[in-house]
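One chain, subunit A, appears in both complexes that follow, with subunit B as partner in the first and subunit C in the second.
Right after this comes the complex of A and B.
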């Protein structure tokens, strides 16, 4: 960087290098000592600069110092504090501090930056950006070597990143496993619900949606508007803390998101003049109606339509467990249709086991297989029924991981794929792949417990081994023959149309 | 599911035996008669026209009576006609029209009544009067409705004609009047094109199409040849071979179902499959009143009395006359084989059909 540090900063450097009692300078020096030997070329580069002499002195001084004593350490920390304060001041003056601080860039550089005048700061940051790519040598670059002075990465046993890189953006905080640390506003019903959802006690898009709404109903019932605020204004924020807690247990499902959005609109529409108890009763009624209309009755309508599509002699294949598909199969059986069922299932949740057991207990002829047998069992299947976590507004199906495989195999075998989906699960979002939006479950779930010698049980210690436990995948619309929602049979291409229709009215 | 019961259930009027017994006219006969007398009539329009005829002769004076009458007549039609899909497009459309007209009328009347400070009783009476007006209006306009439906064919021909260009070779099959109109329009315009016509090796006795045209297949071929269009007649077995020299395929349809697939004469599906694998565009010409709210998963899911495969171990004569009466030979072409559907509103993709239908129903 051609711009020399201004007059104010240079004396400071000079003084610091000579006067050891300067606390700031001292601290900087000690940090440098450790990395001095490797940074020889960098120092040389610096020597070209006008400040060369000072630098030489500094390095000489640095190498003289041995291990920092206790007092020096103290001074060092003091120095860091001063540097930080100086930087803060600079930031307050409205100058962009691109440098992230002494910890990252090396103390000397940071100090120089902090001491450098405001006019020299801008070019410096620009320089840094190009610094990594330019080969250097064209221009004297006084501060560039300092970058290479980065504090030595301590060779402590660094914990390996066990996140799969492609899905790195999906790893949030680990799921909450206790109620400890939850906001005190969170209602006990919600506290319990969060853990139930986390542990898959309540599992499935519709079930989670209903359970959330019921819990929120109890929240509303026990809610008292604090003084000097009104229910429509305060209740939404009160709900937000409940929602935050639920999210920390497990990300919200699309249906929960839709229901919560609806509820918030309902709350904001509450007339301020209405008495509180009445407003609360109205809201609870509205929640009940929502559940009845959007889930219970919708399920009945879907079931009726789907049963019409089951013919005698059918061999229905389904994947994992969907409550609506279970309803359909049970209802078709009750209606006396002669059909058999293949349940395809997968690790680690084995949701299909429950479905297979329930249907077999009912008296249905059930075959159970895992996904690796899919191409084999698909040969005999005549129809595939799938549940949904959500339907995207480009007609794609977002559902339990493995669904896309089943749908694709069915398409390959020319077996119609029927998706049963309540319109509360429609989202206006568009997803092109399963990478951008997804949910990552704890990888430990993949480890088979009960066996002492599970090969994965020590996976954390195996280098370069990562486990990926995705919850969902995306099925392209062309693999889906038909979507059944409460308004009728639809091709997947009409889902956005219905979605618009159901949100507008 | 053929037609979902209307949201406003045609509540059975107090006189329950009224339901099935007292249809003032034989609706099936009317329907067949209409098809026989007017060779240009399509099935949905014939169904609508017979329902209008029924209304004009019926003594029904109230809304619920009329709705009950309509639904029982519709059910009669659907059960007696072997392939009820095309006609159900017409009856559904008619039912929706009546219900929506009644709703808008009654709501506007309701509004007026409230504005005038009248009671509820007045509103009901007004509804009856309104309904009489609607009926009169319907009957007066029935010819216009049919006329428009017939004009739709000409409009489709004007749109679809543009696909036929100088030097192109067009393949078609069946007895579609839309396709015939399109090709004739192109020929009259002076486009020099050739036609490959795939003919059934033996004609299926099909009661639904029996009366529509005289001696069907040769009609199209003859008419085109009379206009100077060279036509090659091939058996269905030769379609795959002939597709190599064909530019595109255009066929008609009996009905267009919700996912954009078409129900059409036997052989269309096969032609669609072959055209797809040969990479030739496959166009379907159909009036938008042929859109029907049926969603078959495949051919076996069609709500028609279809002829199953006739497995046997002893030799048998070919079908005698009258055998297979009441069974239909239609097939179902799934939407992924169809390049575009040409309607009087323009060229649409198969996926647009569902949206058009949703617009009608909601």
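Right after this comes the complex of A and C.
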């Protein structure tokens, strides 16, 4: 397996903060990839020529087949001329792309293998490994090592910018794939959490929120206030470095942001005169209470309310996987309601597959389809249950990409759309479109790995080709019939008021 | 199955090769095509249309034509078998209708020629038909009266002449002009006998006196009276019909390029265009526009039924091995190579991006008479999202995909695909417990479409029925109902 060459060979370099360390490391990798790619272009030209003539021959054959009329022939030759001209033009401009040299092939394969199946055995090994490496923070994580190669290729100045122009502001730094270069202050639990979140081992707004709070609880437990500072002052900055690390793995979810904001307020409220261990215990208690109140009990309340809305004979449609919707469906089934479920799913995460599997194993009647069949499955549905990543304060739903399509189709088919959302996911933010605020996942996730290599595996070499792997989209409030949160049933227009209430108390 | 398919997997190319070789009988070619259609080894509107046209050409060539009725009957028989073999490929029925239309038209032209030469025979042979007509429909009597009055000597009555074509639909004008040219030389009864031909469309109405067969006895009579001249006429007719089919075939192969010819009228520079699945028609259209304009294409991948072809098209279709039906002429230069920025997205991201998209350009499987269309699954949601964002939806379709069928029973046009494309069978536990749905097509209602571009130009969806009237004879529209006598 290809490991980042720079990381291992470097001994314990004096550890700066994140900010200084990153560019340095990237720079080294740039050089590597550059030297690799520069050897290829000569070969490429020839190959391209050969391809071109072959294609032309093919078209000629094709026309013979159909006994072409004079007009057809003329058109054909014209088309060929245009094609030839375009080819010449391209040759003059010089190909911006560089083919993969033979020596790089190995790298690519390695990347493919490593990408193929890290998820299944990941969480178990994860904990062990972080335990051993976290203190130093220098050894590279053994997972998805080739990922470390991929992002720098994108950023190479000579190379074409593969970012989708409309979303350029969202790209930022590529997601961190190793703990190498993490700040010394970052707690091992947080180190592990960051990678788990990054690899979708911990996925979903609530789950990420809970996991973050639990990790921060451990941070606080092992925290010792340095001399000449006070806990409320220093702990906040200490947490900030943890948060920076988490952000570098994957942008924070709205719920995480809300929870962290709440925690920071709690820390700043700590009385300096209180003994440190007491203050820490209080904070840990507060975190536990927060999780219980805002997530666990909230989920129970929402579940109870939502189950009331499921009637015998219903055909419930849901999209992707939401933990709260899963709880609702399971609870309704336990209560003996007779209903069926349609799970609609999408590429590339296929989260719905897990939901469908879990429900089917319980014994529910489950139907599974992908986004393309949405118009068909909606015909029979009687209710749509959706989870939320966040609710905007203008009543829009911010959720897994594709949710808007489902809600729109439901609206068209006059099927009520019910959103289950804990109030911790409310945000005061407003948004008009899915462009300004969103998250871009690594485009490599779109490449399909099967026995046959996907044509997309060489997308980086194709000029002008971009892959867009958007994480979320925004569902207009008019597609949502009802929101269920812990305070009751509300129309989406009431979300801002509830949001105000929940932040004020 | 004849052994003609050889080593290569049977496909459109092997079929067209086999259907042209004289060694294989028409019957076995028909059976061959039927089995190919049933096994979906020929699929897609264009492939089906081409195969049908080749087969029908062979059928027409092989029939020993003594009269037109027999020929029509033969083509109808073959056509019905093909249509029932794969009723969802409406293009097959379309081509059968077109061929029938060609035969009828040639026959009518022939008869006009005949009647001008042997006018007395014409008048003798059908004394009763015009009378029937007069009783039957007021429309006809007006036309008849018009036909009597519209000799070149009476140009004053312009209003009637203007009104008549509208009443009859666009397929009238050529016949009326030909009539006008003969009207001077012929007597009035000849004119009415010609209009007895025009009365044939009405024969679909339930009326005991006018079964669809009423045409052929009339022809028989005229044939028996002039056997000699008719044999040569029949030969001419056959040649002309074959030529007509040849023209249809040419149209089929050129349709995509003709549609692409309109590209520059519809795409402006710096535009952001969304398309879905890999349609050759759309690819050619965009490529043509790319020769002059710079724009961005957002390509929804149509997972799981067509994503491989879509990916291949985006990367640059080096091999067509994803779909054997793609003939050699369909090897495409990738859009990216033409300088167009292509952004590949999963289908789910369509709504999120729609607000920045200027146009949605869709390919289609079939277009129905009301202007609705059957396209790859997912198209409906895309079109609806476009409608919600007031983004125009443009559908590219060859005229051969225009079907005179109305979508009364949509489910009969839908098809479910291989569920293993959604979940592989290797995931056995999952497949056992969960019902998996993989629809192949979506019906997109007409109100979601803003514009159709066919090889004849751009049309409003409401105008499509006029094109259908132009291309199909009313008596051929219901292929199933035609009595085989």
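Points to keep in mind about this one:
Going forward, the second predicted complex is superposed on the first by the 346 of 505 C-alpha atoms of A that agree within 3 Å, B and C clash if a C-alpha of one lies under 4 Å from a C-alpha of the other, contacts with A are read in each partner's own complex, and residues count from 1 in each chain.
The rule is short, and it goes like this: a contact is a pair of C-beta atoms (placed from the backbone, for glycine too) under 8 Å apart; a residue touches a chain by one contact, two chains touch by 3 or more.
What you see is a predicted model, and the numbers here were worked out from it, not measured in a lab.
When both complexes are overlaid on chain A, the residue A:163 reaches neither subunit B nor subunit C. Touch criterion met: A:467 reaches subunit C, while subunit B stays clear of it. Of the two partner chains placed by the overlay, only subunit C lies in contact with A:456; subunit B stays clear of it.
Once the two complexes are laid over each other on the shared chain, residue contacts for A:374 go to subunit C alone; subunit B is not touched.
Of the two partner chains, subunit B is the only one that A:498 touches; subunit C does not reach it.
In the superposition on chain A, A:225 contacts neither subunit B nor subunit C.
Of the two partners subunit B and subunit C, more residues of subunit A are touched by C. Residue overlap on subunit A between its contacts with subunit B in one complex and with subunit C in the other: absent.
Of all residues in subunit C, only 13, 16, 249-250, 253-254, 257, 291, 296, 298, 301-305, 307-308, 311-312, 314-316, 318, 327-331, 333-353, 355-356, 376-378, 380-381, 384-385, 388, 414, 422-423, 429-430, 433-439, 442 touch subunit A in the complex they form.
Against subunit C, the residues of subunit A that register as touching in their complex are 51, 55, 58-59, 61-63, 65-66, 69, 72, 75, 79, 82-83, 86, 90, 164-166, 346-348, 353, 356-357, 360-361, 365-377, 400-402, 404-405, 408-409, 412, 433-435, 438, 446, 448, 454-456, 458-459, 462-470, 472-474.
Interface residues of subunit A facing subunit B in the complex, by the touch rule stated above, are 305, 308-309, 311, 383, 416, 418, 478, 481-482, 487-491, 493-494, 497-498, 501. By the touch criterion stated above, subunit B contacts subunit A in their complex at residues 1, 4, 258-260, 293, 295, 297-298, 300-301, 335-336, 351, 354-355, 358, 361-362.
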